[in-house]
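One chain, subunit A, links the two complexes that follow: it is found with subunit B in the first and with subunit C in the second.
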Partner chain A sequence: MKSGFLGLVLVFMSGCVSLNSVSLTSVPLERSQKVRAEAERFIFMGFNFDNDYVNLVTTELKTQCPNGTVSGLLTKAESINYFLYIFWKSRITATGYCVPGKMASGSEPPRKRRPTDDGSDETRVTPTSLEPDIQ
Partner chain B sequence: MSILCIALTSGCAVLHSVQIGEIESSTQLESVPFEIKVSQFGVDLNDVKATGRILMDKKGSDQANDVLTAIQYFQMGPHTGAGVYSISYVDHLESKVRAQCPSGRITGLMSIRETAEYPVVKGEIVKIKGFCLKSKRENL
Partner chain C sequence: MMNRKVLVSFLGWSVLLLANCTYSVHQVPLSDFKPYAPGNSGKPIEARAKQFAILGFASETNYVDGAYQRLQAQCINGIVTGIAAKSYSEHGFFSWTNHIHMQGQCIQR
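Now for the complex of A and B:
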């Protein structure tokens, strides 16, 4: 009887985890300073009226890397089911590397885009300028 | 009655996926947060079937059930949320991000796919959140 009860408690307390999404950004060469942030929400019977808790991840990562760039970010979104999806948890975990001082966009002047939105810069090297001078 | 009204009118938010891009921060630059939200009306056919069973007689609900099942055969496959009639609502996200941050210095871009669940109808939502970097003397 006791062992049956203990077994039931173990079943209810251990959650089954399912992965909703994963994403990874480009991994930097310098990987000495690891950063990690997590945000989660316990949900009862599916009653969850917003997902604003995910904003904490970005804020936390920014705090951990105050003057640099967080690269190689692995973001996981997972659901942990405790019991028949009556009690479950939604969790976002982000791990990455802080590269101090590296600023990909902030230190450069703003780039001018063409209105055509082709993603290219306004100043472009023409193929003729790359050709060697033929005397 | 009031609890039922609250339950029917308040949408539960279901999170499907989150992606976070590289995050830059600097003491010399100010991060101005921005958010873009686009959504489309989705219909959950299983909810329609359940509602039909409550509101219609047995013969009518069986016929409706058959029609809805036939429609569902054309909507099979992996997906998040309920079916929508057009997915073009996400097509102009990039230009919307550019409009929010004309300088182009965007960081901490987070893409969130979520559903606001109401009975039968669903709000299929894509949210883009991020930060526009600007120097402290620069005006956006």
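Now for the complex of A and C:
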């Protein structure tokens, strides 16, 4: 009886992880410096008044790569459910690489856009310019 | 009594026949295409991983990281770009298998 109760407690208290979303960015050539950030929040019966904890991931990644570009990011959003789904934990994990000496901001010229444009660059590369030159 | 036997038999066969024949796609994340390159350039690479879960009991989701590492391992001296991943589940009898399938382009530098 006692062992059965303990077994049930163990089953209910162990967290069942489910994957909510995955996102990816291009993986750079330079992969020597890894970066990793994690943010989580414990939620009881769905009472959650903001999602600000997610912003910690970006802040943490910036801290780990102050003089470079973070690339090759794999971001996972997970839910860890405890005890009959009454309380759970939301977790964001981001892993990637810091490419040193290549700042995303500051070094690149500002993007020019027309107000009526679809968001693409004004000085974008046309498809014909990508084709190899025929001699 | 006869009807009950028929019902039980029907349910039993349904479970056997329908197990592992339903799938659900959860999401299809796409990465950026950087550097810009023609669509037919680069080497197509792919990696798969899966996780079996009974009644939803799973303690981690490291299979996703594994697939991502295997994808990168196929392109050591290049950039992996245009990554299209597919996250889906294959349903079984009180259990399911979570799958992740990643495809990308390896552009050698």
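By our rule, the second predicted complex is superposed on the first by the 111 of 135 C-alpha atoms of A that agree within 3 Å, B and C clash if a C-alpha of one lies under 4 Å from a C-alpha of the other, contacts with A are read in each partner's own complex, and residues count from 1 in each chain.
The rule is simple: contacts are C-beta pairs under 8 Å (C-beta built on N, C-alpha and C of every residue); 3 or more make two chains touch, one makes a residue touch a chain.
These numbers were taken from a predicted model, which means no experiment stands behind them.
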Key: Fit-or-clash call for subunit B and subunit C when the two complexes are aligned on subunit A   = fit
Ask   = Who wins on subunit A residues touched, subunit B or subunit C?
value = B
Inquiry  = Taking the superposition on A as described, I'd like to know which of subunit B and subunit C A:90 touches: first, second, both or neither.
reply    = first
Request  = Quick one: classify A:3 as touching subunit B (first), subunit C (second), both or neither.
outcome  = neither
Message = Just checking: does A:68 make contact with subunit B only, subunit C only, both, or neither of them? Give me first, second, both or neither.
response = first
Query = Which partner does A:21 contact after superposing on A: first (subunit B), second (subunit C), both, neither?
reply = both
Ask   = Of the two partner chains, subunit B (first) and subunit C (second), which one does A:78 touch, if any: first, second, both, or neither?
value = second
Inquiry  = Just checking: does A:32 make contact with subunit B only, subunit C only, both, or neither of them? Give me first, second, both or neither.
reply    = neither
Inquiry  = After overlaying the two complexes, what is the shortest C-alpha distance between subunit B and subunit C, in Å?
reply    = 8
Inquiry  = Let me check the overlay on chain A: which residues of subunit A are in contact with subunit B and also with subunit C?
reply    = 21, 23, 25-26
Note = Listed in rising order, the residues of subunit A that touch subunit B in the complex are 20-21, 23, 25-26, 46-51, 54-55, 57-58, 61-62, 65-71, 73, 75, 77, 90, 92, 94, 103-106, 108, 110-111, 113, 117
Subunit B - residues contacting subunit A, complex = 10-29, 31, 94-95, 98, 102-108, 110, 112-114, 129, 131, 133
Of all residues in subunit A, those that touch subunit C in their complex = 14-19, 21-29, 31, 72, 74, 76, 78, 95, 125, 130-131
Subunit A partner contacts - residues on subunit C that touch it in the complex = 26-27, 29-34, 36-38, 56-61, 64-65, 68, 71-72, 75, 77-83, 85, 87, 98, 100, 102, 104, 109
